[in-house]
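Below are two complexes that have chain A in common, paired first with chain B and then with chain C.
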Partner chain A sequence: MTAEYGVELRNRTARITIKGKLDTTSAPGLSEELKKLQGQEIDRVVFFVNELEYISSAGLRVIIFAKQKVGVKADIYFIGAQQAVLDILKMTGLTNFLICQDSYEE
Partner chain B sequence: MMTRVDSYPTHIYKEFKLRPGRPLPFGATIVPGGVNFSIYSSHAIDCELVLFRKHEPKAFARIPFMRDFKIGNVYTMVVFDLDYENLEYGYTMDGPFDPGRGHRFDGTRILMDPYAKATGGRDEWGKEPDWNNVYQHRARIAFDDFDWEGDHPLEIPFEDLIVYELHVRSFTCHESSQVKHKGTFAGIVEKIHYLKELGVNCIELMPIHAFDEFENSRLSPATGKRLMNYWGYSNLGFFAPKAGYAATGKFGMEIDELKNLVRELHRNGIEVLLDVVFNHTAEGNEQGPYISYRGIDNQTYYMLTPEGYYFNFSGCGNTLNCNNPIVRNMILDCLRYWASEYHIDGFRFDLASILGRDQNGAPMNNPPLLESLAFDPVLGKCKLIAEAWDAGGLYQVGSFPNWGRWAEWNGRFRDDVRRFVKGDAGLAKAIIQRVEGSPDLYHSQGRSTSSSINFITCHDGFTLMDLVSYNDKHNEANGEDNRDGSNDNCSWNCGCEGATDDPGIAFLRRKQMKNAVTILMVSQGIPMLLSGDELGNTQFGNNNAYCQDNEISWLDWTLLEANQELYNYFKNMIAFRHAHPVLRGKEHFRNVDYVASGYPDISWHGTRAWQADVSEHSRCVAYLLCGKHAKSGTCEDSTIYVAMNMHWEMHGFELPAPPPGENWHVFANTDLAPPCDIWGVGHEQPLVNEQQVLAGPRSVLVLVAK
Partner chain C sequence: MAQLETIATMDNLERMIDFVLSGSKGVGFSRKEENEIHLACEEILVNIINHAYPELSEPGEVLIRCTRLARKPGIRIEFIDSGVPFNPLNNPDPDTALPVEERPIGGLGLFIVRNVMSSVEYRRTGNQNRLAIEKIAQGEH
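This part shows the complex of A and B:
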């Protein structure tokens, strides 16, 4: 199963829900969705990923894109990530800028 | 933004959309809508791109390069709409099979791209390969972007480096390392705090380019254990990192993991040098496998005899044809790639003398490759270090072509200091040279002290603990009847071969290790430590553990507690070097007082002050470094006195007077047990008798005037 995703902007918070596998098949589509958020006032980018099973190199780049182009001044949250996904984020250095939490409160 | 008119397909082949590609850069490059494939061969008559889905044994497509997809000797095309994250690719090359003329084309072989930035086939270390797979080592397409977060190479002055040589697996593979991802790049990240505490500011990674750990794999007849190509001095490709060294290698993220390691090391003030092996490839001799170069353009990539056989200056079956312009450019492209894409701070070239041989194997006066590397703009701040010899008998320590840019592993330092420490006679003159940064080798050519990489141990040979524990090598576990490895170790077991409970021998061994690291740290030049020596790591007498993926090679971290005394000594000696610029001069000593301090920059002494005894029987030498001459008189430091007594009897050393108003203080005395062996920077202890100091048998004293 490739990824299903949803993107919503509400109260200066970008909420991105990802399920399944974020790889070359799904990453470009999500990237396009995120591009639509460029230039908007955003304080937080929150990824809800408790149903994200796998993230590939292409998927990592979507997260980096979100940091560099969408939420330049925003905090980036990664909520509910499975351990295998967290391990990959850590080993590739993304946890340097991600705020990884089990749950998220507005 | 305008869309480029050349971003659309122009050709169709079966279900694939294609267009003529761009010849440069070589390799597979992601372009809008597709992937640009480009490969060189001057003698092939036909070329085909072969595509696999990741891990699948059979190709799903073979796409011939059409006539208009060839420019000069380069085959190039863009293939559109590829799922490049799940793709592996190779080439077939048709051409003459005529070994006498150097050609070994075989159109049935699937060949890896020499410019592959990532490779599959050995993604997980030690996982048994499918030997029936027709394409064992598979080129993959790499993302070359990375979020460096402002990182850049550190450019630490060469003379301020303290290098720590380590093997990615050996460093954290042992259970006692307590890291989550053992034996990987990520594992090293978890140990950065340790490296920082130890005080080293540079790590040199043994080969991390793609290699096959199963090359020449076999069972040891001595132990029954599986032997592997563990060290990896046998490249498959020069552009790709070893995926099996990454915990994320099985997900194809080894590039990101390695870049993260480099970025985190830089954040902590630690540079990264790579040990690069351009002298040969994993394809071996005439009986070796087809992996890449042999089937792409054998005559270009390898040095061949007039009869078409492989020259073997590497001792590994073949010799890369480094001064062929095509190969030269490949090496240059490769190093530029690592410097720019991975932020690598420098390179150590394995058997570098081969890089100075011409296409017939003869040593050249001004080898174009070495000159190109010396003056390359992208590599302009990279450290370049030569292992200045090869297996063909060329030994160039002190004479490696350098253009003021190349440093050398100083094998003379290793041998002279080893022999001096074990008490051999006739070393006093040589030790003066080694401590001064080997001016006998480098000064006359106008080369700086940082031309000399000083080391006593490295991956080749005994660990420091084994150097003081074994007279002879014990390589039986390698399965070669103890014939492999050097017989000339300049080692001494201190009275018992191997492990012992004898407290006297154990004390002497600790002292000898302290003597060695002290001399290393108070010598001009760049000190290099072997990973684990600070813990008293042993390889059980094996001085050539190239094939041992087990406890022989793995660093046992429980030694940190067991040998706390030794670790503490190393740590403080490293801190001492960092604290004293007078130990890290860039220029050679002039042996005169050129700042009117009342002392020459360096003065040599013996058991009598101002009278160095360099006679054949002398084992006692001492020297004084004038602090006012630090960094050629550009900064002020403490004055330091070092007495080295490598005789088995105690000797009194008459002391030169310290600078006016100052007194001698003891920083280190290897003859004493902790805490009196080393006091720590700023905690040096006043000397009771300022006229003379007693140096115990086989010991080194370091004094500081303050």
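This part shows the complex of A and C:
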């Protein structure tokens, strides 16, 4: 397994922590976890990614999926992203709908 | 020149990426550039694994060649498969300005490859797809 992740839903906020590499090998597992959130009332999806070192297009698809299928009306936060990850988000236009911040307060 | 010939399966993906990354050591790439090479390789290899050999019951082979560039610090990586013809340069760029609700879920991988590499060339020779990517090292800034 190239990534570790945790998913938690509390007070209409989905908190997702990802560490390591979100790539072709690890992304489908996270996608399965996020599918379990479908149909819930969610205002915010918050990705905690300060220990995410690498993201490929398979990982980006999970982020797009989170917006399209889990939190259609939710704000999507990306917290603490490393420069390498931010570069890819910018290149592919995902920063247009992600709220990227260094830290997160409830 | 170093080369690796192997079966194009997900089980071999990490080994193939590691092969390219070890060939990129000592060239003068920054960590960011190494990361970009890693990305390009993952996207290209996953494409070959998933799409090159749809008609075969057994997975086909892929040959990877890494060569240092002579003229500048940098690397050329060639991916050769005998699968169905596929020119990744013909894939249109995704519209990255579309609202997320309308963004198609695919098409980002090859877009990333074209963006992070200095050059991408495709040739169909006989029954082979030959995709060569090059990256010039800028090093740390």
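Quick note on the criterion: the second predicted complex is superposed on the first by the 105 of 106 C-alpha atoms of A that agree within 3 Å, B and C clash if a C-alpha of one lies under 4 Å from a C-alpha of the other, contacts with A are read in each partner's own complex, and residues count from 1 in each chain.
Simple rule for what comes next: a contact is a pair of C-beta atoms (placed from the backbone, for glycine too) under 8 Å apart; a residue touches a chain by one contact, two chains touch by 3 or more.
In this text the structure is predicted, and so the values were computed from the model without any measurement.
Peer 1: Should A:88 be classified as contacting the first partner (chain B), the second (chain C), both, or neither?
Peer 2: Both partners.
Peer 1: Look at A:104 in the shared chain and tell me whether it touches chain B only, chain C only, both, or neither; answer first, second, both or neither.
Peer 2: Neither chain B nor chain C is touched by A:104.
Peer 1: Considering only the contact definition stated at the top, list the common interface residues of chain A for chain B and chain C.
Peer 2: 23-25, 54, 56-58, 60-61, 64, 67-68, 87-88, 91-94, 96-97
Peer 1: Show me the residue ranges of chain C that touch chain A in the complex, using the header's touch definition.
Peer 2: So the residues of chain C touching chain A come out as 10, 13-14, 31-32, 35, 38-39, 42-43, 46, 94, 96-101, 103, 105-106, 108-109, 111-112, 115-116.
Peer 1: State the interface residues of chain A toward chain C in the complex, per the touch definition above.
Peer 2: Its residues touching chain C are 23-25, 54, 56-58, 60-61, 64-65, 67-68, 72, 83-84, 87-88, 91-94, 96-97.
Peer 1: Residue numbers of chain A touching chain B in their complex, please.
Peer 2: Chain A reaches chain B through residues 23-25, 54, 56-58, 60-61, 64, 67-68, 87-88, 90-94, 96-97.
Peer 1: Spell out the residues on chain B that touch chain A in their complex, using ranges where they run on.
Peer 2: The touching residues are 83-86, 143, 145, 147, 149, 180-181, 184-186, 189, 246-248, 251-253, 255-257, 259-260, 263-264.
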